[in-house]
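Per-chain residue numbering starts at 1, and chain names A, B, C, D, E and F are given in the order in which the chains are listed.
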Amino acid sequence: MLTAAARDKLAQVSTATITTVLFKRGLRNQFLQGPQVVNPRAPRLVGPAYTLRYIPAREDIDVLKVFEDRSHPQRKGVEECPAGAVFVVDSRGDPRAASAGGILITRLMRRGCAGAVSDGGFRDTPEIAQMDWPVYHVRPSAPTNLIHHHAVDLNVPIGCGGVAVYPGDIMVGDGEGVVCIPAHIAEEVATEAFEQTVYEDFVQEQVDGGAGLFGLYPMIDPATRERFLAWRKAKGR
Amino acid sequence: MLTAAARDKLAQVSTATITTVLFKRGLRNQFLQGPQVVNPRAPRLVGPAYTLRYIPAREDIDVLKVFEDRSHPQRKGVEECPAGAVFVVDSRGDPRAASAGGILITRLMRRGCAGAVSDGGFRDTPEIAQMDWPVYHVRPSAPTNLIHHHAVDLNVPIGCGGVAVYPGDIMVGDGEGVVCIPAHIAEEVATEAFEQTVYEDFVQEQVDGGAGLFGLYPMIDPATRERFLAWRKAKGR
Amino acid sequence: MLTAAARDKLAQVSTATITTVLFKRGLRNQFLQGPQVVNPRAPRLVGPAYTLRYIPAREDIDVLKVFEDRSHPQRKGVEECPAGAVFVVDSRGDPRAASAGGILITRLMRRGCAGAVSDGGFRDTPEIAQMDWPVYHVRPSAPTNLIHHHAVDLNVPIGCGGVAVYPGDIMVGDGEGVVCIPAHIAEEVATEAFEQTVYEDFVQEQVDGGAGLFGLYPMIDPATRERFLAWRKAKGR
Amino acid sequence: MLTAAARDKLAQVSTATITTVLFKRGLRNQFLQGPQVVNPRAPRLVGPAYTLRYIPAREDIDVLKVFEDRSHPQRKGVEECPAGAVFVVDSRGDPRAASAGGILITRLMRRGCAGAVSDGGFRDTPEIAQMDWPVYHVRPSAPTNLIHHHAVDLNVPIGCGGVAVYPGDIMVGDGEGVVCIPAHIAEEVATEAFEQTVYEDFVQEQVDGGAGLFGLYPMIDPATRERFLAWRKAKGR
Amino acid sequence: MLTAAARDKLAQVSTATITTVLFKRGLRNQFLQGPQVVNPRAPRLVGPAYTLRYIPAREDIDVLKVFEDRSHPQRKGVEECPAGAVFVVDSRGDPRAASAGGILITRLMRRGCAGAVSDGGFRDTPEIAQMDWPVYHVRPSAPTNLIHHHAVDLNVPIGCGGVAVYPGDIMVGDGEGVVCIPAHIAEEVATEAFEQTVYEDFVQEQVDGGAGLFGLYPMIDPATRERFLAWRKAKGR
Amino acid sequence: MLTAAARDKLAQVSTATITTVLFKRGLRNQFLQGPQVVNPRAPRLVGPAYTLRYIPAREDIDVLKVFEDRSHPQRKGVEECPAGAVFVVDSRGDPRAASAGGILITRLMRRGCAGAVSDGGFRDTPEIAQMDWPVYHVRPSAPTNLIHHHAVDLNVPIGCGGVAVYPGDIMVGDGEGVVCIPAHIAEEVATEAFEQTVYEDFVQEQVDGGAGLFGLYPMIDPATRERFLAWRKAKGR
């Protein structure tokens, strides 16, 4: 379970910084390749993963009537994804048919979920783009999901954007994309990423003011360290 | 020939809804994969397809001088595409060279055509992006079309975005992309998509207000049906 | 060395027009395939190429500690790229890890460089998107460059977006993408593209006013020539 | 459960013929895209699917030590795949690391399984190519599976080569590739494919002897029908 | 019309040598990217192109019944492709469904055609691989062509493997692939490629015997020229 | 410098085994993705890398005349690649034009080099396929290299098949593909891979004889260890 403090920190750091913190721990493949934000003005995405797994569709099984069944995993998942959780869909990287559409996205939002991510495409994206709720996908995809996708499992480990996503892993998204933090290190990653962000903000300010990179980025010079600590104190961070 | 009423309806429904209506008729591959709108503020795209077919260029044939010939299919097509029609280009999915540029797009617009679609890329897209006229392509492409494309045929059946497009098929585009409706069912698809949109708007409003999916989407509960009919009456739709 | 006059002309012509001028000289592959502008409100990109070459990373070599070394090519290149030059990165078309990030981009900007181009992806793109300085890449990429890229060479001939880029070649970017002009013909290309732009502006205006393409685009009719010369005189161009 | 008679028939018909029989039933996507036979001299592949599902690997989980655990799905699956069954692996179409290698393939063979299929790649393929046991994959892949694959599930529905494979579906492979027949129609598909093969053999013989296609392929002329029946009788088929 | 002498020469030179001869004439894109030989023991492929154009299939049009129609372009083309001609299929580079199968290939062979080429895939390839008749494709494809391909035109200009193929262009295939020689230069290309082959055979023999490349390949040294002429005379070539 | 003993060991182990040994050292990306052997009957490939770097071609620079220049890197490299070394070409993964052809391959062979590897394609592959000398590439490619490749550097670090290759790294190839061993660990990798191969041969024999995987692969049971040591002694390995 992510503490509120960690969640708050993760909402203030970039996915770029998080990948560096994960890289220090030997994790090189946690950024989802492909998914980009549909609605850039939405708040940051932070929350534990709740997953939906698709396999390819088959014409005799994947017919419109399946949606009348309350146990259909796509619909059931939308109704059961916990508040605060991120709905993460393994679409096998296939955006030829929709992973879901505006109505289901709205339902997830109203149920208090934290966001939605697919390595395929969502439909009704012109409407989703106006929502105040973070959604990530590869590209818009109008065709109904039944054409290429069969919902088969809920909340099992999946692949999404080439990354292993285990239920409960912490998904964080910003304007650059989505990173998956293994659950058991989410707290420490939040803390370290937050600290690193303070230093990067200092560096950014220095460089924007004309400073060179050497000794500053990364920090090597002891004098730099002094200046940073003074800056941090002054900023109250 | 599309009636004005059908055209009007198609301008109010989404490509997502249309793909579902087509799916009910066994048509699973009518949404063009790849093309996205260049100018998001342009009006909706609706109109019959008028097609241009490209094959790969050959250096000795595809030289600048060809454009002096009034029978060159690209230029001829731009001058002959009927008012109200959509100029659809089979670029073999290749955006390495332009399918056409700003001047030809302007000419199509001024001649009263309804829009342009390519599964390659257009050039002069910064200017096209400002136009009030719908243009769809895969990505911007500055190089002159002669480098990779040879215009060879006008108004023959083509592939575009992996979809069969026959002259006269009705192309509909929104912020999500472009769908091709076979000409002989365009009227009935327009009617059904319009009806389905009324229901989806109702569902969207209900879900946005906190309703769950089961029984509502799809409509199963008779009570839901009652509520919908009352809502529709109240809305005058 | 590009003259100020040529630079000024190149800042006023489109990459599309430049590719046509290059095509007349038998150069068919000078537009970078893939890179698009990160910050559409930035000024136009014009300047000679200063290059960085990446090869794939290796886990034992590409560790965070390398950045402490002042001779590390990525950092050294950012500090040595001349004012007015464009930092062009051969990322082997691989956007899975960043080519560089916001701090380095800021440093290049503050050092007076003219812009940055990669056929991979940059990180910190939400911040870069707000900068007033032109940056081109394929897609956002949060992961630190060490995961997939090893910086190996500075200012050698490279490939970028499938195009040969020699140090000193003139890179020009607009809202459509980036074109590479071989250094030895940059002056004449600037002049010819500028002239061609005047004519295209005339054509665009004519076509926007209702004129047809034949005889006008390309110019064949002598009467058209007369009208053009009059128009140009009137416009003072 | 496939009857011995049906199994025998499926071993005598081509995957091409089976796809036509499936197409008549509205099933258009049952041929695995990508997998090709490793050992062309092996016997035909026929048997029910037993599946293994991979997701992307994660560095801290997928270490060599996992193979010491008897419940590790890859090893457990190899020991539990029933005699007569086909070991089908969902490698997410990723051949960058091996799906399995020669020792596991040997174990499956010795345990009496019917064959192995992956939409990734196997390792030790020079040895596998010499075996008398049918194995299909996309391309050889030396790297150990832990680098990119994490075995997560046994005998659940999967995607393989873009096709839905449910446990128990009948996999049939020949020199062209692998087709998946839904379990509930396997008997009737076997019968119809066998019958169709008799006719196609007749057609092939006729065409090889100089006959034209019209009236013969497909059979329309009644006279052709007569000749076919006589031929069939003579051949005792 | 290709003379018998030219045809004979083309059957003795490699596609590699032909691409060099075409490159000297400014033709850089005549080698089909993708198609490889199905039956390596078949004789060389030489002959004028007779083309079939596919577009994507549509479910309501592309049904098995279409083959009963004698005007169906695929079947009509197989019956009308002239003796000596090469049946070249534009499959839009899509091998997911077959371009044609063993029976049609047999018919083309028995009708005296020179070979078949597709930038998709053929079915019944285990049988085709045994034929003494040259067939080229991208990879085996069992599914019936109706699933993804609609035959629409015969003997029009097409793209195949990214190359423009005009009816009558001379197709030449060897163990490396297929090259398309524009009809109007086929004679001169045959002659020049034949001459160049003589020299390359000389070079190959020299290098195999220990000679270095400089001065020899390309021929610069006058002494080399002398030796070559003597060798040629001795060989009677 | 690789010792003769290590070289001898590497010629007896598989690339699969080597990737496992490298994986134990944290090196996950040393197997070249794409290149496959052209001539399966050639001896094993073992030797230090000597590299050639290509960038994209430019029409005005890459003309046939360049080959008359003795300093042209492609030709110079072929004449200077040391005996025993492997000629490794960075073709940017682009097989649209040849990396080199039969004459240059012959020259390398006759000069005593150990083999050739490209992540593009070679030409004259029907002849190369008959040679007794190991060559690896992605697919045959007839077009002359000048069409897409410009040779720019010799013996610098390159990427090949997505792998970093430094001059002097040890390349090992078998029927599965090519692995690159960093020079400084080549000796220890050779030793460990050789040892591991002995055990794998034992396991393979056991499994082929009916043994199960557990306890054996990997070796956990002490009894297994006993049996292995006895087997090894008996085999004299």
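To be clear about the criterion, contacts are C-beta pairs under 8 Å (C-beta built on N, C-alpha and C of every residue); 3 or more make two chains touch, one makes a residue touch a chain.
On a predicted model such as this, the values are computed, not experimentally measured, just so you know.
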Labels of chains that are neighbours to chain B and to chain E: none
Selected from A-C, A-D or B-C, interface repeating B-E by over half of its contact pairs: A-D
Of all other chains, the one whose Cα centre sits farthest from chain D: C
From chain A, the most remote chain by mean C-alpha position: E
Computed distance of Cα centres, chain F from chain C, in Å: 37
Distance from chain F to chain D - Cα centre to Cα centre, in angstrom: 32
Intercentroid distance (Cα basis), chain E paired with chain A, Å: 49
Residues of chain F whose C-beta touches two or more other chains: 28-29
Chain pairs in mutual contact under the definition given at the outset: A-B, A-C, A-D, B-C, B-E, C-F, D-E, D-F, E-F
Of all residues in chain E, those that touch chain D in their complex: 64, 67-68, 70, 75, 78-79, 96, 98, 101-104, 106-107, 110, 123-127, 129, 139-144, 146-147
Contacting residues of chain F [partner chain D, same complex]: 14-16, 18-20, 23-24, 28-29, 31, 33, 36, 174-177, 179, 200, 203-204, 207-210, 212-214, 217-218, 220
Contacting residues of chain F [partner chain C, same complex]: 25-29, 55-61, 92, 150, 152-153, 156-159, 162-165, 182
